[in-house]
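Following: one structure in structure tokens, then a few remarks.
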Amino acid sequence: MSVDLSVDVGGLQLATPFIAASGCFGYGLEYGDIVDLSTLGAVAVKGLFLEEREGHPPTRIVETPSGMLNAIGLQGIGVRRFVADKLPGLRDCGAVVLVNICGSTTEEYAEIARILADADGVAAIELNISCPNISKGGMMFGSSLRGTHDVVSAVRRVTTLPLIPKLTPNVTDVASFAVAARDAGADAVSLVNTFLAMAIDIETRRPKLSNVVGGLSGPAIRPIAVRMVHECRQAAADLPIIGMGGIMTSEDAIEFIIAGAVAVQIGTANFVDPFVWSKLREGLTDYLHRHDVPSVSALVGTLDTTRGHTA
Amino acid sequence: MSVDLSVDVGGLQLATPFIAASGCFGYGLEYGDIVDLSTLGAVAVKGLFLEEREGHPPTRIVETPSGMLNAIGLQGIGVRRFVADKLPGLRDCGAVVLVNICGSTTEEYAEIARILADADGVAAIELNISCPNISKGGMMFGSSLRGTHDVVSAVRRVTTLPLIPKLTPNVTDVASFAVAARDAGADAVSLVNTFLAMAIDIETRRPKLSNVVGGLSGPAIRPIAVRMVHECRQAAADLPIIGMGGIMTSEDAIEFIIAGAVAVQIGTANFVDPFVWSKLREGLTDYLHRHDVPSVSALVGTLDTTRGHTA
Amino acid sequence: MPVDVDAVVLSNTQLSHDYNTVILAAPRLGDQALPGQFVMVKTTYGDDPLLRRPFSVFEILRDDAGRSTGVSLLNKRIGVTTRALYALRPGDHVRCLGPLGRPFSVAEPPEQAWMVAGGVGLAAFATLAANLRARRVDTTLFYGGRRADDLFHLDTFESLDVHLRLATDDGSRGDHGNVTVPLRRAFVSTDRTTPVRLYACGPTPMMRAVTELAASEGRATEVSLEQVMGCGLGGCYSCVVPVRGPDGTHFVRSCLDGPIFDGGSVVWEQLGE
Amino acid sequence: MPVDVDAVVLSNTQLSHDYNTVILAAPRLGDQALPGQFVMVKTTYGDDPLLRRPFSVFEILRDDAGRSTGVSLLNKRIGVTTRALYALRPGDHVRCLGPLGRPFSVAEPPEQAWMVAGGVGLAAFATLAANLRARRVDTTLFYGGRRADDLFHLDTFESLDVHLRLATDDGSRGDHGNVTVPLRRAFVSTDRTTPVRLYACGPTPMMRAVTELAASEGRATEVSLEQVMGCGLGGCYSCVVPVRGPDGTHFVRSCLDGPIFDGGSVVWEQLGE
């Protein structure tokens, strides 16, 4: 039996369910030397604003138990330089590109989306309405149902590209945001972005990050992220979900797929093991074989919740 | 210089800021052999309903990266047997007892509080409105501002004991719940309870916990918990906060105190190191000496947020 | 009173590709440990893995003067901590909290003792055998494994004057089949009035089968249950087993009221898969 | 092209209570590493600590035929991973991703090379010294430490024909004070027209002082900056340093555009405390 790793994420066709998570893989090209980008399901590039941004001063990351905080502040080259300087190289590598975009206003989101609609080589737009590290925009939209609806509808109006809002976990009921995004025209949702968190240097009594707070990612958050994927799947079974949060191995990825994710993103794991990609593919292929499941799609959402383990 | 470890938590006087967290220390007496309970700031006993409960079938816990999920389901002996069978022993040990209570209805909370008001040896009531593992009550109240207000006011009416609602982190804006609790008459708040989470056995495609979902505790959640304590402190500087979530060492405890907690609870750490208590006291004493801080109270909320670290 | 010792590894013998015996310098543990008790072990200092794991005290080691010098653990590699225990080298450190739990009751002559072990369940029995020998109890070990080369420490038990009754899944040593095969035969050849105390430790289905077989002979069995344990001290209520009591079935903590239980009181159907 | 090797520890020499040198069997790393490059190291397999840590390739080890057999790391114990590196024993494994980063530019005769090292900053220079020697460049190491017994591997550098100029905080060896003391003297005794290439690695204030001292002599300095690094590959943007360019000051990734920078372009005031 040969197994089928390809998936359809709301109209977006991917050869494998494994996507590099935004902000954890530069603009993709940084990894061109060691990873064949065409073998990835897709690459979600570092979050882009309309204009260039310098981001926050260091210290920008701090390690925590089985996780890390980041407050990069979306340093970036802006969407126009991205289209001019990076997109051609990504196209040449055969990468499927998700452009992760961020705005301070609804209009800025729409403006970026318009620029991308005209660009060659953009497979989909990931709407970052969940960045916890910026004072305006980002999570401000993603933690209000109205904000979510407004941004998604505004961008929906200006593009026919697959539209994937990225949800924040810093809310009481993440599934309601998935539903709001769907109702506003999203083709899929991705979740989770990072958890708002902080760490204090007790010797200086100052925050360890220059930005005071940052976003928690990595294995520490995985059990919460899996629960949230499961909740969204239950609330909106028709809405494709891209799951993420602490995926380090193929087993972790399979956990998200069983919970209801049709594809997964790999963020922090790139830092620990940039060669993780082939291991993910092999592990998933092997699992499908062992369990006689013909395709990834057939595995999505197969969690049996009629009862948990009793042992 | 001798340093003062004692703290005042909304009228409750504690010899040290270190409190055993509910559900992680049995009824306290289990630890009587290895820990002198009178040397603890207080003991928050396992969550009690009005009646006895068997809790969920095993599997009740599962380990996750730097953390653990639990879904015990509040197995317990009920408040009356607690008062009759456990409270006298705790009194004999010189323990300061916080009774953690849980109800399916507002009336049940009030009824339990009434029984405790008549009991001898209860120092304060911790209102568990944040348990993620039960179908009725618990987090149902704690994730709605109205529910929080109603339970706190109902219990407030029937007791003069210090009243400490325990907040759930599974909300968008935890500080608004601290404010709601204060306005309803709480003397202090404790936070955080566990994060709703899940883990899946990919071989059986079933949840690893019999209850499907459980609560994440341990070091993994610490950076989120510290951020939430900081937020509550900023929103309600007059409201004493008992902080917790992944405290393993005196350094971790100090982090919470600097963020704004006047006392801290130690949960999961008991499982890893039941002898942690003397290390906590020694580490804190040593820190206060080294930093020339005369008392724990003088350290509370001393975080300098004017700028984070730049390095 | 339980102690938490940072024990130095004196030796580690890899018995097969998944079994090993590690000897720890831990006199205070050895001093106190009773047969059937366990220790909560932590092999790393970081927060992942976070929790300790329960292990039977296999042997108590003594110097020539009979003073306890430490304990050994018999370990089977199945996950992260057992992997770390398998890989230990002399000089490494292992934190051990214990001894914990309710011990086996120890038979007295003229009662015989029959210990029934499956796989790593053997770990519960070396200390017991030493105690029984000190009391001159006639002791038999029924011990089943996958293959001949999966039966370990036979010499240890022989040197404690224990009679061996072996069984292997593939018949390569002793009886062909599981450990109930020689046990059944022993029941047949033993008069019902002969006093025998039965102990079982191994996979849950095996302990259940032993309990039921013994019950059909009118005999009780002390079983050593292996639940997932968060704390080992009664603090977390994670380790419960359903036990039948006078007022119905209750979840009982196996770290405090066990791990040794009367097999007849365990509600096996509800114990899980 | 960087590789990720699971390198076996061949030896570990503890030089003091906080410094050690560990030799790793990693021929593919040694084959590629250029002076000033680094590797991202992981010592444990669990998720805590999670991230790798950057370390300079100290020496490249070669067999008699000149083929690379591995690399050594010079380590100073300050936290969780450096503690683990300090405690390594032969046979342990260390994962190393590299070589990474922009290397030093290597001087050519008649240019002289002055390497200025503070503390563990020495780690950047053994590979450089070997390269300089192969090109017959006249090389001097200015090296400062806390005390005489905090100056390591002097023989390594002597055997590479490096002139040594030492300084200690307590004056117990070489000049009394920090490494700029002998450096300043060298500037005085060196004609401004003599071509000298300067390299510095050590604490940030020391690299800044060296850069400014050299600049006052009209000379440039290549510095090796030590930022906290999440990935080492340009993926995370955690490791940035403020660098002055033609179009103003920008945050530049030190793992990709560094760790070696022209000291004159670094905006030291904004680099942090």
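The first chain written gets the first letter, and so on, giving A, B, C and D; residue counts start at 1 in each chain.
Following the convention adopted for this analysis, contacts are C-beta pairs under 8 Å (C-beta built on N, C-alpha and C of every residue); 3 or more make two chains touch, one makes a residue touch a chain.
Just so it is clear, the structure is predicted and the values come from calculations on it, not from any experiment.
Looking at subunit B and subunit D, the chains that touch each of them are A, C.
The chain with its CA mean position farthest from that of subunit A is C.
Averaged C-alpha coordinates give centres for subunit A and subunit D that are 36 Å from one another.
Look at where the CA atoms of subunit A average out and do the same for subunit C: the two points lie 48 Å apart. Separating the centre of subunit C from that of subunit D, both taken as means of CA atoms, is a distance of 54 Å. For subunit B, the set of residues that touch two or more other chains comprises 57-59, 65-67, 218-220, 309-311. Of all residues in subunit C, those that touch two or more other chains are 46-49, 228, 270, 272. Contact topology of the protein chains: fully connected, every pair of chains touching.
Those residues of subunit D that touch subunit A in the shared complex are 1-2, 4, 42, 47-52, 97, 227-228, 230-231, 233-242, 250-251, 256, 270, 272. Against subunit B, in their complex, subunit A makes its touches with residues 57-59, 64-67, 69, 143, 170-172, 195-202, 204-213, 216, 218-224, 226-227, 230, 246, 251, 254-255, 258-259, 287, 302-305, 307-311. Subunit B makes touch with subunit C in their complex at residues 23-26, 30-31, 33-34, 46, 54-55, 57-63, 65-68, 70, 72, 75, 218-220, 248, 268, 270-275.
Of all the residues in subunit D, the ones that touch subunit B in their complex are 46-48, 228, 270-273. On subunit C, the positions that touch subunit D within their shared complex are 44, 46-49, 80, 89.
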